[in-house]
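Presented below are the structures under discussion, each in the form of structure tokens.
In the two complexes that follow, chain A is the common piece, with chain B as its partner first and chain C second.
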Partner chain A sequence: MYAYDEIDRTLIDERVSEFRDQVKRRLSGELTEDEFKMLRLQNGVYLQLHAYMFRVAIPYGTLSSKQLRRLAHVARRYDRGYGHFTTRQNIQFNWIKLADLPDALADLAEVGIHSMQTSGNNTRNVTSDQWAGVAPGEVEDPRIWSEILRQYTTLHPEFSFLPRKFKFAITASEHDRAAIKIHDIGLRLHKNEQGETGFEVLVGGGLGRTPLIAKTIRPFVHGRDLLSYVEAIMRVYNQYGRRDNIYKARIKILVHELGIEKFAEEVEEEWQHIRNSDLKLEAATIEDIRSRFTYPTYAKLPHMPDELRKAAHDPLFERWRKNSVSPHKVQGYSIVTISLKPVGGPPGDATAEQMDALADLADKYSFGEIRVGHEQNLALPHVAKHDLPALWKALDKIGLATPNVNLVSDIIACPGLDYCSLANARSIPIAQELTRRFANHDTADLIGRLHINISGCINACGHHHVGHIGILGVEKNGEEFYQITIGGRADEKAELGTLIGPSVPYNEVADVIEDVVEAYLALRATPDELFIDTVKRLGVEPFRERVYATR
Partner chain B sequence: MTSPLEQKIRITGPSVVTANRTWDGTVVYRTATKGWSTDLADAAVVRAVPEARALLAEAVADDLGAVGAYIAPVEIGESGKIAPGNLRERIRASGVTIDLLPVPA
Partner chain C sequence: MPLVRGGNISQDDFVQLADDAPLPEKGAVLVSAARFLADPQVLLQRSDRLGVIWPNNRDLDDLVPHLERIAVVALVFPTFRDGRAYSQARLLRERYAFRGELRATGQVLRDQFVFMLRAGFDAFDVKKQTDAEAFGQTVKRYSVFYQPTGDGRLAAPFRRLQLRHSESASL
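Coming up: the complex of A and B.
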């Protein structure tokens, strides 16, 4: 966990008072909506179909049990008893009243949570690997660098009015769980031949109406130069990024139009001016931030405790363990992913009761710490293996032991037309129907790893372009239709999916996805060949034939 | 962002003006008595561009009452009952099409 210092606490408290005054002036008529809109957006407050929506940041996906309880409190007291975890390590409340927002913000500030960097044309919440600090083989904890970037970008005057929003993601593991290649700047932490920490810097990734995979602009930037180098990138973007057309304003368009080589030259030139400025990170500064992260004192535990050996005879436990439990860097401990994708449930939603209960379980079994992943699931990062059977039973009691992590029903979905004012079509009911179709765990196990991503519009909050199966809702003559892509992925081998054919109406989507999955089962070379690998080997044509032969 | 009043107004049938109430965001409809109602049945129905423009202008001017005003299509039943004219407006009028709370596994 990271402990905020006095500067952070003051900043958050001052932001609450400032927003309280702004809301008061808005409700008295002193501020018009035109004047107020940017102010509310700077505090994560959107206006959606039914109500205001309040987006709260969970920087690099790390939460304490105390913070999770406070999110539950906000859900219960100011909203309708639940929250929605998003694809960028935020949580959203869908029904909040403007008049209640200052109080909600104040309640969150007491535990060091805020909504800065969750909206607007500035740097957004810096995201990272939800297994940061505990993943085996990790170079070092990427959250230290995420926090450096968070401090550097928060309220940065030069970058508060960028041409468009700007997103960072950082990973320090070989397997990319932070989807860095679909971010404006992606950072892969690694060490050079001298053993020094630095970053491969990628730039210009993003989804939306112009999906592009980020390109490497520099294979190694020393850690001490991180801020000056990203500042150089952002300066070039701020200077040349288009402001005349919202759809052409992201850095990916600039990189694409200039070409990565030309863009890199511009950045290099800018960097030489500022490389040796105050932006150079002193070792003491990095150490100071590192020292504010606290880590559990792990016990010396056996690799295979008796409790786990006994529980292995229970097939239900084993099914959950196989899909939810991952290796930890410390012997005797595990990382437990908690699926927020129950059969028939809205992906990513958790009730206040579940959040409270999970906070208690985090205290009992995970040193009071919870993680939030971009797949819209949660994780307990430090669970002793001997506690796994007891934890599983406790999770099951609160509806959080669905054994489907990374399987076909572990669906990523945006709120879609049920909530979102930008959406053209619904996402959640499609996800719900698919989880019912694939509810049989034996079938899901047979299918293996398969990621379905659903977006209700081209803005792609459900990351449909990089789903193994992507589903995009569109509107045709007032009806909901869905385009299906296959072959996308968001990890270190990130690729965009390929459209398999004409869009299909709402009530045919689940049938089509079943056809795609059945085609895969028939086409895969071996039972171990994953869906994504079969698509890579064969292309989309066999799937297209299967889906459209009878349509 | 272009003001709703500067945007080209196209209506193909009976329409109403809808927005979200400022203090809590609730869906509201502009009434014929220059107020707002949460009930679509109370909405003023317009059928031609000039009257739609006038109703929208009046709604936009009441910035303290509601925000984000726009013209939305409706259908008028045989009994004169007003119903939302598309899925988006049906969802706004009747709420989400899913259970609000997650289903326990």
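Coming up: the complex of A and C.
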């Protein structure tokens, strides 16, 4: 956990009073809606179909129990008793009133939470591996650097009015859980031959209308140069990124139009001017940030405690353990993923009661810490293995022990037409129907790892391009239709999915997905060949043939 | 539009000159980049001060050689959403050491003042009278800053190191 110091606290308090003044001026009519729009967006406030939506930042997906309780309080007091966790490790409240927003922000500021730059054409919440600091084999905790970047990008005087939004993601593990290749800037932390920390810098990834996988602009940027290098990239983008067309304004288009070599040259030239400026990170500065992160004092625990041995006789516990519990870097501890994808539920939603209960469980079993992953699930990062059986029972009581992590019903979906004014089609009911179709755990387990991603429009908030199965809602003659792609992935081998055939109407989507899954079961070489690997091996054609033969 | 300079609403002593308007013999003038570049010498050799309005989609290269003899560079925000002039401002101040007046023009609204000050602007052609009047209050909104820029305000990383030093010194 990063603990705010006086400077961090002062800044968010000042931000709250600034926003209070802005809301007051809007309500009095002194500000036009057009002028206010950008100001509210920079504080995470969207106007959606039915109401204002309020998006709160959870930097690099780390929350304390105290913070989670405060989010529950906001859900209860200012909203309708629930919140929605997003693919940017944020949380959204969908029914908030404009006049209440300054108070909600002030309540959150008390526990070190803000909503700065969770929307608008600026640098968004810096995301990272939800297992940062606890994953076995990690090079080092990437959250130190995420926090350095969070501070650097917050209220940046030069980059708060960029051509378009701008997203960072950082990973420090070989297996990329942060989807860095679909970000404007992706950072892979690694060490050079001298053992010094630095980053492979990738640039120009993104989804939306023009999905592109990020390209490496520099294989190693030393940690001390991280901010100057980032500033060079952003300065080139701020000046030359397109502003004539909102759909061509992301940095990926600039990188694509210039070519990565030319873009890299521009950045290099700019960087040489500023790399020895005040942006150079002194070792003491990095240490100062590092020292504000606290880590649990782990006990010396056995690898296989008696409690776990005993509980192994319970098939329901075992099913959950095998699905939701992952290895921790410290012996005797585990990382527990908490699925927010119950059968028939909207992906990523949690009620205020669940949040409060989970905060208590985090205090009891996870050193008061909770993580949010971009898959719209939560995690308890430091659970002693001997506590797993008790934790499982407690989670089950509050409806948070669905054993479907990474399985076919662990669906990522945007809010879609049920909430969003941009959407062409509904996402949530499609996800709900699919979780019902694949509700049988044994079937889901037999299918194995399979990521379904659903977006209700081309803006791709549900990351459909990089779902193993991607579902994109489009509008055709006033009706909801869905395009289906397969073979996408967001990890270190990131790839965009390929369309398998013509789009299908709303009420046929679940049937088609079932057919795709059946085709996979028939086509896979061995029971442990994953869906994504079968598609890679065979291509789209055999799937197309099987799924569309009778359509 | 009210001009805020040195933190106060003040009289603009520059006359903005259309490209085809005759050049007056006396008085400070503000001209477009096109007019300036067409014949820099005729403008620079006048005894009165010169200001140039520099568009936000043009590199500064053609302006830089003349900076020492220019009193005002006016940068443009065609809408407040277009942030290119922030980069130009920082480059002029921090890289090219421009010490004259750096004026923000266009859709300049209250909620950009702090960003603009931090980027190096010191004069503001403010769109609304009420915003201009609120200048003094608005720029006090923030007392801490995360990023080092050339505006002289102490950014968080340095402030922290100072704090830690004084903490350890007082032990």
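Keep this in mind: the second predicted complex is superposed on the first by the 551 of 551 C-alpha atoms of A that agree within 3 Å, B and C clash if a C-alpha of one lies under 4 Å from a C-alpha of the other, contacts with A are read in each partner's own complex, and residues count from 1 in each chain.
Keep in mind that, in the parts below, contacts are C-beta pairs under 8 Å (C-beta built on N, C-alpha and C of every residue); 3 or more make two chains touch, one makes a residue touch a chain.
Keep in mind that this is a model prediction, so the values were computed, not measured.
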item	value
Touching partner for A:S17 - first (chain B), second (chain C), both, neither	second
Which superposed partner A:A284 touches (first chain B, second chain C, both, neither)	second
Partner chain in contact with A:T154 - chain B first, chain C second, else both or neither	second
Touching partner for A:R209 - first (chain B), second (chain C), both, neither	neither
Partner chain in contact with A:R80 - chain B first, chain C second, else both or neither	first
Partner chain(s) touched by A:N238 [first = chain B, second = chain C, both, neither]	second
Chain B versus chain C as contact partner of A:V343, first or second or both or neither	first
Touching partner for A:K191 - first (chain B), second (chain C), both, neither	neither
Contacts on chain A seen with chain B and repeated with chain C across the two complexes	none
Chain C-facing residues of chain A, complex	5, 7, 10-11, 14, 17-18, 22, 30, 35, 38-39, 121, 151-152, 154-162, 235, 238-239, 243, 273, 277-279, 281-282, 284-285, 288
Touch list for chain A against partner chain B, complex	26-27, 29, 32-33, 47-52, 80-82, 95-99, 339-340, 342-346, 349-351, 354, 396, 398-402, 417-419, 426, 428-429, 432, 478, 480
Of all residues in chain B, those that touch chain A in their complex	20, 22-27, 63-64, 67-68, 86-88, 91-92, 95-105
Residue numbers on chain C that touch chain A, as the complex places them	80-84, 86-88, 90, 95, 109, 111, 114-116, 118-119, 130, 141-149, 155-161, 164
